[in-house]
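The two complexes that follow have subunit A in common; it is paired with subunit B in the first and with subunit C in the second.
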Partner chain A sequence: MLTWLIEPLQYSFIVRALLAAMVVGVVGSVFGTYVILRGMAFFGDALAHTILPGVVVAFLFGWPLAVGALAMGLLTALGIGALSSQGMMKEDTAIGVIFAGAFALGVAMLSATGNYTVDLAHFLFGNLLGVSTADLWVTAVLGAFVLLAILLFYKEFLVISFDPALATTLRLPANFLRYLLLALIAVTIVVSLQVVGIALMMAMLVTPAAAASLLTRRLPSMMAIAAVIGTLSSVTGLYASYYLDIASGPAIVLVATAVFVLVFLFAPGRGIMWRKA
Partner chain B sequence: MNWKPLQTGFALFLFAGLLLAGCQTAGGETVASDEHDHADETAADDHDHTHDSQMLSLPALEPVDLNGGKLKVVATTSIIGDVVAQVGGAAIELTTLIAPGQDPHSYEPSAQDLTAVADAHIIFVNGWNLEEGLIKNLTNVAGDVPIVAVSARIDPRELTPAANQGDDAHGAPDPHVWFDPANVIQWVANIKIILSDLDPDNAAVYDQNTDVYREELKALMAEFEKRIEGIPENGRKLVANHDSLGYFADRYHFQVIGTILPAASALAAPSASELAELVKTMNQANVCAIFAETSTSDQLARSVAAELASCTAVQVLSLYTGALGEPGSGADSYIGMMRANLDTIITGSRD
Partner chain C sequence: MSNLVAKIIPRHVTHQPASPTLQLDDVFVAYAEGAQGVTSARSAQFALEAVSFQVKAGERIAVVGPNGAGKSTLFKLIVGALKPSRGSVNVYGHGPSGHICIAYVPQRSQIDWSFPVTVEDVVMMGRVGQIGLFHWPRRRDWELVRNSLARVNAARLAKKQIGELSGGQQQRVFIARALAQEAELLLMDEPLAGLDVPNQEKIFEILDALRPDGVTVLVATHDLDLAAARFDRIMLLNKKIVAFDVATAVLEPRNLLQAYGGHMHVLGNSDILLTDECCDHYEERQG
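Entry: the complex of A and B
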């Protein structure tokens, strides 16, 4: 058993993958609780597409593609914040409008440049098994920064998410906090896209938090449970990928999905099976 | 609570995070490139190697300690894998990452694939970013394992540069070099040098395999010359899915009169006017065949085909471009694939 656990770890790329998956698992899951409670589950997929024009512009001017992607990710967050401010429309509607427009802009620009580059945006998407030491550091530092922000503004984020009226009464800078939350989520998504790829990023942002939300209603325990599910899925999935010879991102996502299905069926008090009994 | 300093502080922090994240991909990919000194091993083609080009060089490598085992070799695409197998034969242990018929762009390596990379003595890639999605991962996993471009010492043709990049802009090098068999003869020479450098004990084996395979490639070229002679010059016009047939067209005096996709990007889509222009060109040139690819959708090609008034029957034919065919398809080796492609091109040009 022990050799079974240790064997893959002789490869340094697997150790890096394990660490990166755990960081993304924890950070994504914790952030994911805000994401699912605000009804923004679609944000990750949308951002993966809206960064395209930023990437094309960066490519044309010879800048690092990651800078274009990040700038576009932040712009998207600001745009969503602006469109959905004062309750003019829901955030998911704003995401949908910006997503479609930005992606189309990117494809139009790509077609107009006519240069040889196969799928510029996809070029940015990482693969968990290809994580470099530098990637790992960036992810870890960003992860720590994001968790610190959540720790500091935990109450404020909670209030602006669920009780905007109370936020006004408390004279919180609600707009600043809302933009900050959106920007933090956007930066986290864009960076994790480049480190671990699109499938894993999207799943970690939604699935563990969704499972946790079926187990508890209290936000702190929801975050903790989501983080545990995220981490466990990462580790189990990576071993499955090694021993069953399947791509790592999908393996981790499938484990997280399996956990979600189990919770959905058997969650005490709320699960399908529980209700029937 | 006083919010002002906190707000400023966080804005700064966010900005720092941005910078940090921006730096991570600045490193870029590296392909081993110390100059190699094998002046006697010139290509069997007539390329002029003098002008300033984007030619890649071949590194000089030291022998590795094999401990009685075989040289462990990794190749990215199935086409490169086949050519490496021809040179290495039974003397090497070869792992090909991208399976036949699998699109190189959607390929995701599994953990086992990458353990082969980490354990390898040498990794062969095409060069000029053909496997762009893979290269970054390869470099990170490979560590000290040298990554060598089989297309080293081939003078690349340039893809048409983007219209908005100024007059002195160079087009990116066209990576589809294997469409000219003469370039694959250069691949073979490169692969032989690298394998013999790493594993001098088997140099004679590599030499012999190379001689045998080079003769087969030369026979393939002679066969191509002969069969293409039968096509009249004005019938040698191609419409391709994207700009991938340039090397073939250059060698055999074909003209690529148009492509369906404006860029080689899988995401790029043609404008309505570009498609209309292509239909006009094809009608004028009386070209009635479009060469699609086995790995991508031919939906657009079919809609163009429906517009060709001057043709009695329009053919949308599939070429093997970036990957070999499945085992048993006849196109499961480089030579088989090129023969299948030539058959297809001749069918399309006959009309």
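Entry: the complex of A and C
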């Protein structure tokens, strides 16, 4: 058993992958509680797709992918926020337009270059085993930034998520907080980019948090449980990827999904199996 | 930089003791104000027209009127969520946006009761303004939360998830949140709707206990009987203030007919039948 666990760790690229996946398991899941409480899942999914042109530009110029992703992510997060606050159209309509357009631009740019399919697959589904030491640092620093922001603005984020009218009477800087949350979701997506990729991003943001929401009724414990589920999914998924020879990003997502299904069925007092009884 | 900080972190104003608790002067609110910028001077439709009144500290006011009369709009103005198109709103001599002493108790249907917070979490939210950015609740904040819950007779509910509460308990917890906020002006949107008489009575007992502290209470309600029996004055609203006085002076057939129009039928000896559909689903949703 022990050798079974240790064997993959002799490869340094697997150790880097494991660390990166664990960071994403924690950061994505903790921030994911806000994503599900505030109903930002569609926004997050769209944002993940709109960063593709930024990633491709960074890739073509040989910059760190996170730089392009972060620039594009922050730009579109704030842009969508501003566009929908104008009241000219519904938010999901504005998101839909930008989402598809930006994604198409990214794919088109990539298709003009050499190794189109392989690169696109890496961006879409992650390239966990290709995480470099520099990538790992970027992931860790940005991840720490997200967690720090959640800690610093914990009570304010709680108020604007639960009762925006209270935020008004308490004179909280609601617009600043709203844009900060949009920026944080962009950063979280950048952190997760190499681990699960654009297309599976939502799983890291939503699935562990959704499972945790069925297990607890308080936000701090929901964040803690989501982080545990996210981390376990990352580690288990990576080992599954190694021994079953399947792609690592999808393996992690499948484990997280399996955990969610188990919780959905058997959560004490709230799972499906309990309701029938 | 300091400009930016000032923009993000609000400053709170001090009260002018000589000023009335609440004063509105000739307030107009146009529909869809702010949504699309100025809609020129084409015959604007107003949600509120020429509203002027004063409320003294410690008064308990019932705001009544048909659906769409502008009750929610009025409350949004007073809490500072909405700016008047014309006229002025003052709380203790200042515009509402500098105050953190104004508490708003929303209709119960506007709250997500499955949200992962306990009763004491919700009450602590009332302290977030005073605690300030980058600080955590201190011992005094927890004491205030406990005292507030005790004052609404809900101390034993502190650790419960909010979804486990009954309607009356939910209402009392939100009053406790207003107490934790140290509110001096309390606005409540249909707090009595859907509650049975004993639970309504508990709410009034709590409001009675607030009176010595000078807490001013405005309650939007559809219940004219309760408005007449349990409030100092009644504001009868239908875009304009139809009447604002003690119950006997306000609840006259002439006033009611003007406020409720087609929803009202005067039967013989000025017995009145109001056919007013209640509350949540039909309340004005603008803004």
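Quick note on the criterion: the second predicted complex is superposed on the first by the 209 of 277 C-alpha atoms of A that agree within 3 Å, B and C clash if a C-alpha of one lies under 4 Å from a C-alpha of the other, contacts with A are read in each partner's own complex, and residues count from 1 in each chain.
Here is the rule we use: a residue touches a chain if its C-beta (ideal position, glycine included) is under 8 Å from a C-beta of that chain, and two chains touch if they have at least 3 such contacts.
Model, not experiment: these values are computed from the prediction.
In the overlaid three-chain picture, which partner chain does A:Phe176 touch, first (subunit B) or second (subunit C), both, or neither?
Touch partners of A:Phe176: subunit B and subunit C.
With both complexes superposed on chain A, which partner does A:Thr168 reach: first (subunit B), second (subunit C), both or neither?
The second partner, subunit C, only.
Identify the partner contact of A:Arg217: answer first if only subunit B is touched, second if only subunit C is, both if each is, neither if none is.
Second partner only.
Taking the superposition as given, does A:Leu70 touch the first partner, subunit B, the second, subunit C, both, or neither?
first
According to the stated criteria, A:Leu78 is in contact with first (subunit B), second (subunit C), both, or neither; which is it?
Neither: A:Leu78 stays clear of subunit B and subunit C.
Which partner reaches more residues of subunit A, subunit B or subunit C?
Looking at subunit B versus subunit C, the one contacting more residues of subunit A is B.
In the overlaid three-chain picture, which partner chain does A:Leu37 touch, first (subunit B) or second (subunit C), both, or neither?
second
Contacts for A:Val159 in the overlay, against subunit B (first) and subunit C (second): which applies, first, second, both or neither?
So A:Val159 only meets subunit C here.
Mind working out whether A:Gln194 is in touch with subunit B, subunit C, both or neither, as first, second, both or neither?
The first partner, subunit B, only.
Hey, what residues of subunit A end up touching subunit B and subunit C alike?
Correct list for subunit A: 172-173, 176.
Could you pull out which subunit B residues touch subunit A in their complex?
Against subunit A, subunit B makes touches at 3, 7, 10, 13-14, 17-18, 20-27, 105, 108-112, 114-115, 118, 132-133, 136-141, 143, 159-165, 171-172, 174, 243, 262-271.
Under the stated contact criterion, what part of subunit A meets subunit B in this complex?
Those residues of subunit A that touch subunit B are 8, 11-14, 16-17, 52, 60, 64-67, 70, 74, 106-107, 110-127, 129-132, 134-135, 138, 141-142, 145, 149, 172-173, 176, 180, 183-184, 187, 190-191, 194, 197, 238, 241-242, 245-250.
In the complex, go through subunit C and note every residue touching subunit A.
7-10, 12, 35-36, 79-81, 97-100, 102-104, 106, 110-112, 115-118, 121-122, 124-126, 128-129, 131, 133-134, 136-137, 161, 163, 177, 181
Taking the touch rule as given, give the residues of subunit A at its contact with subunit C in the complex, in rising order.
On the subunit A side, the touching residues are 37, 87, 152-153, 155-156, 158-159, 161-163, 165-166, 168-173, 176, 213, 216-219, 222.
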